[in-house]
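What follows is chain A paired twice: with chain B in the first complex and chain C in the second.
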Partner chain A sequence: MSTISEPATDRSTPASQYFAGLARWRVWEILFWVALVGLFFVPDANLPLYGQIVIWGLFAMSLDLLLGYRGIPSLGHAAFFGIGGYAAGYLGKFGWIEPISGLVIAALLAGVIGWLTGRLIQRVSGIALLMVTLGLNLILNDVVHRQSGLTGGDDGLQGIEVAPVLGLFRFDIFGRTAYLYALAVTFVLFLLARALVKSPFGLALLGARENPRRMIMLGAPLERDVTTVFAIAAAFAGAAGALLTQTTQFVSPTSLSFQRSADVLVILIIGGTGRLYGAFIGAFVFLILRDWLAELSPVYWYFWIGLLLVVMVAFFRKGIVPSLEALVRRVRRR
Partner chain B sequence: MTDPQNSPILEARDLHMAFGGLVVFEHLNFTLGRGERHAIIGPNGAGKTTFVGLVTGLLRPTSGDVLFNGRVITHESPQQRVKAGIARTFQINSLFKALNPLASVVIALAQREGRANVSLRSVSREGKLIDEANALLVKFGLADDALTVTETLPYGKQRLLEVALAFALRPQLLLLDEPAAGLSTAQGHELFRQLAVLTADTTVLFIEHDMNLVFRYADRVSVFAAGALVVQDTPDKIRTHPRVREVYLGT
Partner chain C sequence: MTTIATVLFNGVAYGMLLFIMSVGLSVTMGMMNFVNLAHASFSMLGGYVLVVVTQQLGLPFLISLPLAFVVAGLVSLVVERTIFRYFYGTDDLTQVLLTLGLIFMSIAIVTYFWGGTYQQIRVPSWLTGQQDVLGLTLERYRMFLVAVGAVLALVLIFGLERTRFGACVRACVDNARVARACGLNTELVFAVTFAIGGGLAGLAGALSANLLGIDPNFPLRYLVYLLIVVSVGGMGTITGTLVAALLLGVADVAGKYYAPEIGGFVIYTITVLVMLWRPHGLMGRRA
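Take a look at the complex of A and B:
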């Protein structure tokens, strides 16, 4: 047997420093979250919009786990957002009005359905994967439209009640509680996602993204890992959907439309995949732009989003965050 | 049951393999002794890489059996075979291009040790794995490149990493599919010299086209031709074997 001498764990080797460095919090990371909290204190801030940005960021981050870290594209990710949204809606409509437990239940439900979906797609890859995820999204969307007696159809689910957060903070019309609630939930889920992608499991996801065949020959349970990450991504998307329902006390079929699946993909690609933060930066750019463009030309704003995408792909192929990282690296090297 | 210590480490019994109408093997029988450094040679299309695929489970035979340590593994998944102690490298580099060698080796070690389950524990807390990865990279002469993105490494270094990843699993049986492919003659010899030292206690089965490498580093040689094992013997005997000259050396 090859006996590799195992020295006492030395924290000062470049190798151990490398992984410690990956896990360490950067100054800009802290500033990022401080800035999000700071928005709350800006006078006349458009908190409902910022709340949406945070929720969309969480939603896009859940897709990032799938696409950025595991390399699984999904054209139907809104299905899980919608499941979480409707689950939170029904809970609030039928008496379970405590928001945090409602959110957890909604996320778990989305996670279970994501797990089942993962079982279904664990052997599928490439174009077929796009078709299957798109197909599931379309089926769910159609069901919600048809069962209008249950779901309210196009009018959405009305009469959703949400109790004050922790029994203290009532959801107000200025969206102040909504913003802090969405931010707090998103931050907690971000911490979980961050730890996950920096764990050995996260490293295995990257390995499978880079080279599934090699992972098989290293003995990795590739299919089980696909199912697991799909369930986690779905649960996070479900949490985002539940947040939107709870903070707006409303949920409609658009929350699980194909358009929404496409939007979240666009957000993630604009921001950059495989970074977690790309999701939030993408959501910020997308929603601010949408807000602004919708005022300029309410009907044609998708024209500009389309143009943005084309320009992005032409000049910043990997998205905003990776392009910025490359820039910083180049500046530092000088 | 056969005693695993006395049975051959690897055996193929009456393997039949066809891709659609294309028959690769008919009635292939093959035995590999424990501790051998065994070369498979043969002209293109002889079925050498297919054989490696059948042993690792990436391919399944149409009929026949593969035995590892005397145990039938024909219907086991590639992952089960890896856990049992079989590792392989690929003829064409099959690496994690965007990751660095350190992360790549840690991935392999985490799989070997079953440390890659869902957790919120940072990789940096896997001190043992990181130290072992470091030591392995030193052994393979990759220490200075540990943090360089793999796809930017020179080809020869990538070739070493290809072997290091399989080696990291501490396999009982290491299958090397043309490890020296794409290397210069000098680099090829250097690689084999290193491998001979590193794998002194491992059974190694390698496919190789360079006869100098084969005759120098193998202690047994199998000659495959047209989906059959033509002859299996020591390098000296192979060199002068009339059938070998006929099917392979072409004289």
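Take a look at the complex of A and C:
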């Protein structure tokens, strides 16, 4: 009787073995996070830049949940990044200066709005989906631009205060606290995302990505799952936005512009979708490249970003991480 | 009363511009299922052809318009033959990213040659100033735009409905696979349609230079309008595109005139609602 009612706790069933195998940590995964912590101890490291990379990585990872695991492209993901960023900004400006609770509130707010958006788009697909997500992003961007009395308009929100993390670590000008704080928050959220995509729910998302009709026949609640994953992705994006606001003590309308939505999409495509790590690798490549190109040719650097995009989709449509995986697999087989 | 009529008229003129700019995109999207964001770059190209021809070569305005059409058409033909045709049949997102990359490149290239500033355009004196018509004071240039747009709309609708090539285009929009199976040279139809669409975009860019201004960020600024017109009107329909463009033009001008503080809010909200209500557009058929 009990084996039927509680199959998940039984380690010997094929299903639970399967999920346990999925969730096992690989060596390179551990190395990846150790390397990120190690960056902190490198002398003269450009920590503000690395902090940005971690935050962008988290932002791209939130889009990966949507695009990589459920196959929903969004042209307006920056809307949630911006909601989180402004929420954290207002909290800091009006006296709620404790960072961790502020971050949670900002992420929850973005998640709630993401849930509502998910309700709206759960039946839409194709071009209409791209247009609705883009349209919602533009509406929000427009509101923030127009209500300059409330949002500071183009100048952004000034005078954001953030208390030391845990009452101990002050945000310094070298970005040391900021880097570790961003890394810690990102790691916790990464663990959540990893658990999510390796759970039965994550598997249901993948199934719906590959063959929605068949998933319906298997009895999967397709539309409810879309709404759920949209809310989660929005909350993660909101957390990324809040992180950026808290670590820079500033937020401006560029954080929810179409440009930002396009950038995060580019990052994810460069790194590779459906891998979680692709988001971070993509963010690393994109931001380092942008930094370097902008220094090289301040006016024309977007040409190279554009060329990179064209070459990527033409020859490496899968992105860096999946291409590397395929390479490793081929080498091993020999 | 007169202000309402003037706002309506300005909106229609703006809508005509949007129609010429986006009709090619609508037809090629309906035909090949190809999401070409770089269509907006062809428009910018037309604008810069106008700048070069009128300012640097000193040729008259009316000659530069067909030149803008021809140059933009040729360039879009080249791009279609060398790049885009390898991406038919890939998913929406791949096409969006590819053409977004092309937009970034086009912006950088234009900045390299002409700098990042707005270009000054001189139009002939008979197109400047205002004219009294039926008790209304209307700008001559906008009247010119409405006339050009109306003629082009008639030509396109007539051409699509009554000519042999138009029948080929309609066959390809309805079902490219069956059209090919029936012996139609769909590659050729695709390429020619693409060239005409790109040329029209270039013409619209040249026409808009005086009104909207032309600078390297033109594609990103008007891309959204293009996408709204195409998706609200429905892909692959000329009348749908015309209706959506006029609707959007009037809504945008009226919104900016009567409620400037809410800005683009009106059109974006309309777009989202239409897309949720009819995902295939006002006049689009189910794919």
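The definition used in the following text is that the second predicted complex is superposed on the first by the 314 of 334 C-alpha atoms of A that agree within 3 Å, B and C clash if a C-alpha of one lies under 4 Å from a C-alpha of the other, contacts with A are read in each partner's own complex, and residues count from 1 in each chain.
FYI, contacts are C-beta pairs under 8 Å (C-beta built on N, C-alpha and C of every residue); 3 or more make two chains touch, one makes a residue touch a chain.
Small disclaimer: the values here were computed from a predicted structure and weren't measured.
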Inquiry  = Looking at A:V143 after the superposition, I want to know if it touches chain B, chain C, both of them or none. Which is it: first, second, both, neither?
reply    = second
Query = In the superposed arrangement, which partner chain does A:V132 touch: chain B (first), chain C (second), both, or neither?
reply = second
Key: Touching partner for A:V313 - first (chain B), second (chain C), both, neither   = second
Request  = Report for A:T13: first if it touches chain B alone, second if chain C alone, otherwise both or neither.
outcome  = first
Query = Considering each complex separately, which residues of chain A are in contact with chain B in the first and with chain C in the second?
reply = none
Key: chain B-touching residues of chain A, taken from the complex the two chains share   = 1-2, 4-7, 9-11, 13-16, 18-20, 22-23, 192, 195-196, 198-204, 206-207, 210-211, 213-222, 228, 232
Message = Could you list, by residue number, the parts of chain C that touch chain A in their complex?
response = 29, 35, 83, 86-87, 92-94, 96-98, 100-109, 111-112, 116, 220, 224, 227-228, 231, 235, 261-265, 268-269, 271-272, 275-276, 279-280, 287
Partner chain A, residues of chain B touching it in the complex = 56, 58, 78-79, 82-83, 87-88, 90, 94-99, 102-104, 106-108, 110-112, 115-124, 126-136, 139, 146-147, 165-167, 169-170, 198, 201-202
Key: Footprint of chain C on chain A - complex, ascending   = 67, 73, 75, 120-121, 124-128, 130-132, 134-136, 138-139, 142-143, 145-146, 258-259, 262, 265-266, 269, 299-303, 305-310, 312-314, 317
